[in-house]
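What follows is a group of structures, each given as structure tokens.
Next, two complexes with subunit A in common: one pairs it with subunit B, the other with subunit C.
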Partner chain A sequence: MGLREFVIRRILQLVVTFWAFFTLLFVLFRLVPGDPTTMFLLDGMTAEQREQRIAELGLDQPLHIQYMEYLSQLLTGDFGQSFIYREPVIDIIIVRFMNTIVLMGTALFFAYLIGVTFGALMGWWRGSRFERGGIIVTLMARSSPEFWVGIVLLSVFVFWLGWFPSSGMRATGGELGGGFVARYGSIDFLRHLFLPALTGAIVFMATPTLLMRNTMLDVLNADFIEIKKAEGLPERTVLYRHAARNSVLPIVTVMAIATGAAMGGSVVIETVFNWPGMGREMVRAVNNNDYPVAMAAFFLMGSVVIIMNFLADLAYVYLDPRVEYE
Partner chain B sequence: MAFRKKNRREFIRAAGATGLAIGVAGCSSNGDGNGNGASGAEELGEQVREINFVIPTSGANPFRNEIGVITAENWEEIGFEVDLEELEFGAHVDKAVVEQDFDASLLGWGGTPERIDPDIFIFDMHHSSTTGEGGRNTPGYSNPEYDELAELQVTQADPDERRETVFEAQEILARDQPRTYIANEGGMHPYASARVDNIDPTLGEGLNSFWNMISVTPLDDDTVTMGYPSEIISLNPMQDLATPDRQFVRLIYDQLYRIGPDGLPQPWAAVDEPVIEDDGRTYTVEIRDDMTFHDGEEVTIDDIEFTYNLYQDSPTYSSLVSVIDEIDTSGNEITFHLGEQYAPFTANVLGQVYLFPEHIWGDVEPEDLSDFQDENWIGSGPFQFEDWERQAELQLRAFDDHFNRPNTDRFIRIPGASVSQLLGDLESGQIDFMGAVPQPTALNRVEEDEDLANAEFNAIGYAKIAYNMRREPLDDRHVRRALSYCVPKTEYVEFIRDGMGTVTHSTISEHNEFWHNPDVEQFDLDLDAARQELEEGGYGWDGDELLHHGA
Partner chain C sequence: MSTKTNSPITNLLDGLSNGARYLRDKFEAFEGDRLGQIGLLILATFIFIGIFARPITIEFLNITIPGIAPYDPNERAVGGRLEPPSSAHLLGTTHLGRDVFSQLIAGTRVTLIVGSLAAFMAVFIGTNVGLVSAYFGGWVDDVLMRITDIAYSVPFLPFAIVMVAIIGSSIVNIIVAIVLILWRSTARVIRSQVLSHKQRPYVESAEAIGASHIRIMYLHILPNVLPLAFLYAAFAVGWAVIAEASLSFLGFGDPAMLSWGEMIFNVYTADAIREAWWWVFPPGIAIMLFVMSVFFIGRTLEKVVNPELRHKE
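Moving on to the complex of A and B:
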């Protein structure tokens, strides 16, 4: 099978996956008790106002009609309006999605950069004190809950040293809005980004480190490494060009999945640092029965997972010529 | 923590158990008729069915969860079988208020100043016309004698006469116990005493009150920043608003009257009290002549008339002004002709309708009102809109031309992720006060910080247990009264809430002084009284101490 056929078949599979995913979401959210008026009921909405709002939203229609309507809306690329905010879902989601990408992207980048290097060295210096210490540190990072890491960092860097702000994405009172650069390009933003990104990096780092170390150990036992050493190549070259490169394959899969999951944001990190990202928005949307926002958020996040997996499959072929399209 | 909680719970239960010991002793002395340890009614019928009791999860509300668990244990002590169901807020409201599928439900009812007139607590919450799906009379309470009083008080223009009626209504509610009124949940809002001054926590709202926001004064710069644990949904006064939205809408938009710190409506955009004629059917209001909207346009009597017509056209809010039959204006005066007498008109209509600029809202179709986005949110209130990014911050600026200019030049509101996260912001200096009540342990931390302080406030809203009177055995007054005797109200305030709040026995809070009837029947924790109440109702207990109907 050629690359082209493979890609076409995978895309068809993707369409089916998306449809199943979306339908499951639709059913799940409608099964949750409550509706978008619930949160207003104790805040002054009367029974008549409630009924009127339900009718306005079409929630009094039979479920299959709501489903067909939403499906046709989605096919035109429209996520609809938030039931609570009464604004286009896309406007609400996109800002938070960007916030999450920047935070999680930074965290993942450092986690994998440090993790892979560190893991490779641990494998290389097998049995050394460096490896033993490294494993302890990695396991500690892996078993520390996110909120705990966040709170420890806050206590040290904010409440004790006073180096960083305690929350948010920028200092209050300045000009709001602005483009990508205005939002994410300032020193002020980087100061706000540092602690939440560090928390994420610490938490995410363990997986690539341990994985890289383990694969390195397998690769280092392979004959070709002995041959490369016997060829008299410098240790550095053997480590980076031969051992590490051959160990990186499983990391690609794990990274693809981790990236997808990370796009959903981390509710915990976002809560500890009051970061306005996707995770908290999803929780809010589910709690308030804001179906369109909740669906779009999960849809977006799920899509990233599905697409990243697809890309990982493609990348395998490039990284390892022995893999074939079947 | 868990250990401490358990001890506290045992202690609270022990307080009621003294009553129980006497109760059991009393029963055994008069109830050995059938020789198997049964007591109460001479002949026992079927066992009383299990009661479904819905309470919040400890995540949704730790305080109410705890009193719910203890109350359920007490109910079991007096012979009921209880199915305790812990739900998240949305699911809870859906089950109890919308579906009405519950036997007993522990929820709160908020007490914003807009609710200080007794009408909502007396009529909306207990009149038989509001028992439908999503209605406020969740117990399904239907008592013709009570309905008459609830209807009468609305028509009584004389406050003293109306008060008599409201008092009588409270007595009937206390006797019938459609709900157990537990406590007015006042609390503490932390603020940075080193950075802001002139804090003014008001009844029901603490530092979220309108009066605090125009009074609070920054000490070292020109900006006050507050934190609140949720985002603002909308600033459009024509949309369904939640309480945190309304707290900011009313800073930007004025009303003819505002509910004062004392809970009574006071003239705001109006010059004086309304002139009430025609036996309470006509209200005439003169408006101030020194008001402008934030864009510089003058506020005229036409804007006021336009506003009330706009409300009448609004699909969301027409019911608020449905009592108005006709409006006419003359000079600076506007006259409202009511279809029927409506005593709370000043507080509940004139005090709640926001004034709109006709030159901006004049062309909006009624069905578009709730979706309308005025980019600059032009009103005439003491603060003008500056900028807003929902998930980040709302920026307001003092409106210099307002007759009651706020003390701070700028006011910023940030949405927090949680109450404890906001407390961190307060400690690190990022916010100056917060509109949410932290856990008691966190409040102690605030007390110990010399830069911070707690602002205490009372509440008119309450925590309550509603009994579904559409179902047996809760349709029996004796059962409801007995259940009420099992609720540890004092212990709730003293131990669970660490002293925050006050016990209540009436639907009207003692802090709503004019309308509160202090002499209603009281239901304190007393398991002995609970058993006696059940005995009077003809119930009895079998050998396993389980409750049965009389034969």
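Moving on to the complex of A and C:
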């Protein structure tokens, strides 16, 4: 099978996965035990209002028609109205989505930057005290739920040292104005961003660190490293240019899994730091039975994971010519 | 092939000696592995605390074993409100005057139950899916692996939140929500192992003497991939406990069973996080220690499964 065929097959698979995910959402939110219509109704409605609302939402239709209707709505980005905000869900969720992407993107970027470097050094200095200590620290970080890391950082840097604001995304009064840079580039914003992003970075760092260390150990055993050393190249050059570079490949594949973890992590981290993102919005929506918002948030999180899985597969075959398309 | 190798008794004996060899390997791996030993020790301590957390009454012997927890974890006002640690209350009290130490001890049970049950179920499902998928191949493999892909596309924690919110937050529902996602990694990894075993001569000879599919799958192939399943079970315990703690922290825990995550949720809702360090830190440290212990054990098991790693240390 050629590269082209592989890509086409992978795209088809992407479509199937998306369809299955949509269906799962439908099942979760419509076919729940009890009367599925009650969750779309508000308390204090008269019987007539109820009926009208049910008809409005199309909930009196047979299920398969509801299902088709639902699919076409999702594809056009129509998630309905929020029960609480009384606004279209899409307007609410898009802003929150951007906030989450900024937070989690920063966290993942630093997690991978630090993790890859740290893991490479651990592999390079194998058997040293640095490596043993590094493994314990990494496993500790991996064993901590995001909220626990967040609480420790809060206690130290906010409650004890008072260096950072405790919650939110910007100081009160510092309302959004201007463009992207003014919104996400101000000092005030960065001060608010620091702790939640650090929390994510600490938790997500473990996977790339351990993986990088393991692949480094494999690569370091390869003959070409010995040859490079024998050529008299400085250690640093061998480490950076030859060993580390050849160990990065597997990291690409776990990026997709990391994005999934980051979506889950955003729910917890945003709750701890009161970050106005999609994760916190989802918790709030579920608690208030604001199902359209909860569903839209879940939909976006799943979509991000599916697309990242797809990109990781493509990146892998592109980066490693030895990979066979199964 | 003589009848000897095919008789159920020799098979059983083979299985037992395989198991014994495996256990011996496992303990050998723990020898000289400080982290693995520490992990076992911490886990054993938690299991002990979990079992004897509350008084146990054995009715027909008419005896009661006293519990470790000095107070009823849910009884209000056994002390003052938000008292710092003292000799009467080792870890202070909550905003309702409940004893934090007793809550911590009682919470061990929830963690053990969720961790062991969720991991067992997830690995059970994952192993079977991987085994069937790889053994039969063809459309069975296609269907099962697409389902696994779909499980991989669902974000774990958000899914658990929605599930629990819809079907209700009891401990059983929490375990079900965790298991529905957690089986995926075991399924993939067992499948790839079984694929390589399927090509080996021992499977071919079993086929040649007419062993049934079930027999080949479960008596011949399964014992060889079981160590890998154990390894994934160890990690699954860790992930399940983290997931339960996160769910409870967000307020979706079982209200009838106080867990460590729920304790921290209570600190948050009581708005005591700034002052009541004695209430926040113990459950957090407990979660971290517990998960660390199973990850340490997992790392040691990894060396049994993948002997190459032994030379890397």
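Keep in mind that, in the parts below, the second predicted complex is superposed on the first by the 264 of 326 C-alpha atoms of A that agree within 3 Å, B and C clash if a C-alpha of one lies under 4 Å from a C-alpha of the other, contacts with A are read in each partner's own complex, and residues count from 1 in each chain.
The rule we apply is simple: a contact is a pair of C-beta atoms (placed from the backbone, for glycine too) under 8 Å apart; a residue touches a chain by one contact, two chains touch by 3 or more.
Being a predicted model, the structure only gives us computed values, none of them experimental.
Trainee: Should A:R96 be classified as contacting the first partner (subunit B), the second (subunit C), both, or neither?
Mentor: The answer is first: A:R96 touches subunit B but not subunit C.
Trainee: Examine A:L154 and indicate which partner it touches, taking first as subunit B and second as subunit C; both and neither are also allowed.
Mentor: Both subunit B and subunit C are touched by A:L154.
Trainee: Once chain A of both complexes is superposed, is A:F204 in touch with subunit B (first), subunit C (second), both, or neither?
Mentor: A:F204 sits against neither subunit B nor subunit C.
Trainee: May I ask you to decide whether A:A47 touches subunit B, subunit C, both, or neither, giving the answer as first, second, both or neither?
Mentor: Touch status of A:A47: first partner only.
Trainee: Once chain A of both complexes is superposed, is A:G168 in touch with subunit B (first), subunit C (second), both, or neither?
Mentor: In the superposed model, A:G168 contacts subunit B only, not subunit C.
Trainee: Can A:T271 be said to touch subunit B (first), subunit C (second), both, or neither?
Mentor: A:T271: touches subunit B and subunit C.
Trainee: Answer with first, second, both or neither: which of subunit B and subunit C does A:F79 touch in the superposed model?
Mentor: neither
Trainee: Touch check for A:N287: first (subunit B), second (subunit C), both, or neither?
Mentor: A:N287 contacts both subunit B and subunit C.
Trainee: Return first, second, both or neither, reflecting whether A:L139 touches subunit B, subunit C, both chains, or no partner chain.
Mentor: second
Trainee: Please identify the positions on subunit A that touch both subunit B and subunit C, taking each partner from its own complex.
Mentor: 32-33, 154, 159, 271, 287
Trainee: Okay, in this complex, where on subunit C does subunit A touch?
Mentor: Result: residues 35, 146, 149-150, 152-159, 161-163, 165-167, 238, 242, 245-246, 249-252, 261, 264, 273-274, 277, 280, 284, 287-289, 291-292, 295-296, 299, 312-313 of subunit C touch subunit A.
Trainee: Could you please specify the touching residues of subunit B with respect to subunit A in the complex?
Mentor: Going by the criterion above, the answer is residues 88-91, 93-95, 97-98, 107-110, 114, 130, 132-136, 223, 225, 231, 233-234, 239-243, 246, 315-316, 319, 370-371, 387-393, 395, 410, 412, 414-418, 421, 424-425, 427-428, 430.
Trainee: Considering only the defined contacts, which subunit A positions touch subunit B in the complex?
Mentor: Its residues touching subunit B are 32-35, 37-53, 56, 84-86, 92, 95-96, 99, 154, 158-159, 162, 165-170, 172-173, 175-177, 270-276, 280-281, 284, 287-289.
Trainee: Spell out the residues on subunit A that touch subunit C in their complex, using ranges where they run on.
Mentor: It is residues 13, 16-17, 20-21, 24, 28-29, 32-33, 126-127, 135-136, 139-140, 142-148, 151-152, 154-155, 159, 214, 217, 260-261, 263-265, 267-268, 271, 279, 282-283, 286-287, 294, 297-298, 301-302, 305-306, 309 of subunit A that touch subunit C.
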